[in-house]
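Below are the structure tokens for one structure; questions will follow.
The first chain written gets the first letter, and so on, giving A, B and C; residue counts start at 1 in each chain.
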């Protein structure tokens, strides 16, 4: 029941908003639908908390510790983003950047996007997971090009083609997985792509085909994660689309993509008994961290800056999952959570800042604190959090990852530390001059929605100081399941 | 038994020598029909050759001995090739002397002498023709070799008669690789024999000609031999094509006179059909500019390699 | 050499034809012909699926053959032709490599693909497993088409050809994916093309051309 509501609410919402998405109260309806999804997610979480792993519809869907917290996180950020988008999109409408018709498209696609991500997270069928990932791309392509500017069209095209090609690789990987699975599970078709069944027999799967499959899956889903060198679409798509979309792309879609990679890694590692998948993840992760942190220096656009920061953090997560083992996995899961919360909070604040100063170019955004202290402080605190300042949660997860790396992969630690330092300097310098100093910012009629920003930051702060025991228990269970190391 | 084999050998060469101008004449006749022209006699090529033999040869002053020897060498290689190719029977004493790859070498020898002789006098046209001929040959040879490799892989031998026998006797299968190589071979045949779309045998338009440019300085019996050799070359290529792709009908193994007779009849039939097909291809396609020739031959190579790859993968 | 059953021979011939069509698409510079080739490739794929369905008696293969027919032979080419007419893109001459070079690279790609497919066909138990290599080759050749082309339309055709290859691979290695997945994939492709149609008009509105040259202003350091 809760499960049906979880998937059904955003889906029905997408249909409904396709008709009514241009009405005056549509933003509120969007928020209400997201709240309903969140409620369903929480109810489901509570149920899983009591009953353990669940499966639905002939095992086509399942909930385990790994995806349940991601489901909740997705629903939560989906809801807060819809809160943020309420005033934000109204301002865009007032400024004439979008028409009422496009607002309808926006609202409908927003709900569809949430639905596809929840589908990708909860489905037990790896084929359906692929379908959902592709659908998530498609539902956001038109959102990236919402403003119809040349730059946004270019970003949309890049996003479409790169992710399209990437996702085609992933489909090939999925087919390979199916070939290997069919050999073991028999040709009754349906069960051969069910993750739970595959996980049960993973040791018997043909290793050569599986390693080939993993290469394709990693390249495919890795494109969506934004791992270097397949990251090209990510900054463009983040910078040119509307800010709420940047927030959910960064905060949620990347998480879902890395979730897909890790699901596949569990299977492949079980079959291979070799460090190949782990090494590939670590290699791609490390490359992303280093490349992104240096590219941060060349950014002038505020949203591109934080998009590159997302690539960097995805690299850290991929690296941590690559190292594997209980602690690194735990840290990676924690990092996924706190990055998602922090990064979306930053995008909220950055969106308001850009709107108030009428530009996304950082040099022209100055003195946010004087006009709008909350936005300014939100951006400042968010940046400090994402840069790994204690006591925020990012510090805890990065600390865990670094200490594990020191023990497991000593060569990587200095590289990671340098990259983090470079990123710190790049982001902090820019954010500081945006927040303080002479102001260039003007006031806007709609009051910014800052509740989401501070709610997220408070959660991140809490995760830095104290992780609730049931959450920690889930993380630990998921980390055990992911294994490796 | 030996005598019958030598008789077969003699028959094959004699048939080739006699049939070559006829085949060329037949192709020309078909072409004329297809282009709504009044067709010349099939025997026109014969008459031309006979007429040339009756004339006195004029040789340019700066010509070296190479220039004079070349017609005999070229004609000789073509006759030897005709003796090797299993056109009538697969049991030829000469057939064991050289395999398919040596055959390609034989054609290359003829080409080298032809080009050298064309450059010998030092006229602009001769050198240009020789240069183009070498370019076409350089590009066509890999494709031809690739075609032969595929046939060899299928029958596990490079000896042309054995390939032919094995292909004729194996179970009839739908073979995409042979289809691909067949297309490639046809393209090579067109290019190597100076047919449209690479060269036009009917014109002497300076800027486009290749083969004719090399013959410009020859006259009388030399020219007659070279033209006969060109006709033989076309026939030889056609017969290689039959041996690889249409081996049915040729006498297999030890064969007495009746079998040979049917084999000759089959060969005549195949040549008739091939002549029509060739004329059809030439009529339907347009002459390519010389610069496009590499593309044409690259396509032939592509087809042949695809045939090879498909054979390796599908085993068919 | 043992002779294979006749149906398999036809299937192999169709596979070879798919490969040939991929090469033809690699060489073709007229966008309209490119779309026709795509439709032809879809038709060959459909024929192969039907034949395999008849041979194996798997009902869902009939269904996916019908899906291929509707989507890849009829609807998508129709849509693309319409787009071509409305947008006036007819030629894509300015390729990255000349035709001959592309072809030779294509040959290398095929060799690579066959190597890649070795372990897969070794594992697969279907009668058509040897065609997996061709499927991989079709995928990689389509990828090559996408890389070497500048026009958005040809890239899309390459994308769809890649899809054909994936489909053929799944078919020849396992007699097709589970129905639900196949349906989902088809739905995604359909939606992708519709999104693309909208997208093309947006690009056209902005730039008056579908040349991807215009879409190169966003650089790393902007």
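One rule holds for everything that comes next: contacts are C-beta pairs under 8 Å (C-beta built on N, C-alpha and C of every residue); 3 or more make two chains touch, one makes a residue touch a chain.
On a predicted model such as this, the values are computed, not experimentally measured, just so you know.
A.B. asks: If you walk from chain to touching chain, how few steps can bring you from subunit A to subunit B?
C.D. replies: Minimal hop count between subunit A and subunit B: 2.
A.B. asks: Quick check: which two chains are joined by the most contacting C-beta pairs?
C.D. replies: Ranked by contacting C-beta pairs, first place goes to A-C.
A.B. asks: Look at all chain centres (mean of CA atoms) and spot the one farthest from the centre of subunit B.
C.D. replies: A
A.B. asks: Closest chain to the protein's overall Cα mean, using per-chain Cα means, please.
C.D. replies: Central chain: C.
A.B. asks: Mind checking the centre-to-centre distance between subunit A and subunit B? Centres are C-alpha means, answer in whole Å.
C.D. replies: 67
A.B. asks: Averaging over Cα atoms per chain, report the distance between subunit A and subunit C in Å.
C.D. replies: About 31 Å, centre to centre.
A.B. asks: Quick check: how many Å separate the C-alpha centres of subunit B and subunit C?
C.D. replies: Computed from C-alpha means, the inter-chain centre distance equals 39 Å.
A.B. asks: Inside the complex, what are the residues of subunit A that reach subunit C?
C.D. replies: Those residues of subunit A that touch subunit C are 125, 127-128, 130-131, 134-135, 138, 141-142, 145, 148-151, 153-158, 160-161, 164-165, 168, 171-172, 174-176, 178-180, 182-183, 187, 189-190, 192-193, 206, 208-209, 212, 235-236, 240, 295, 298-301, 304.
A.B. asks: Flag every residue of subunit C that touches subunit A in the complex, lowest number first.
C.D. replies: 60, 116, 119-120, 123-125, 139, 143, 146, 152, 155, 159, 162-163, 166, 169-170, 173-175, 177-181, 184-185, 187-188, 191-192, 195-196, 198-199, 202-203, 205-207, 212, 214-218, 220-222
A.B. asks: Okay, in this complex, where on subunit C does subunit B touch?
C.D. replies: 1, 3-4, 6, 9-10, 12-13, 15-17, 19-20, 23, 99-100, 103-104, 106-107, 110-111, 114, 117, 130-131, 133-134
A.B. asks: Give every residue of subunit B touching subunit C within the complex, in rising order.
C.D. replies: Residue positions touching the partner: 154, 170-171, 173-177, 179-180, 294-295, 298-299, 302, 305-306, 309-310, 312-316.
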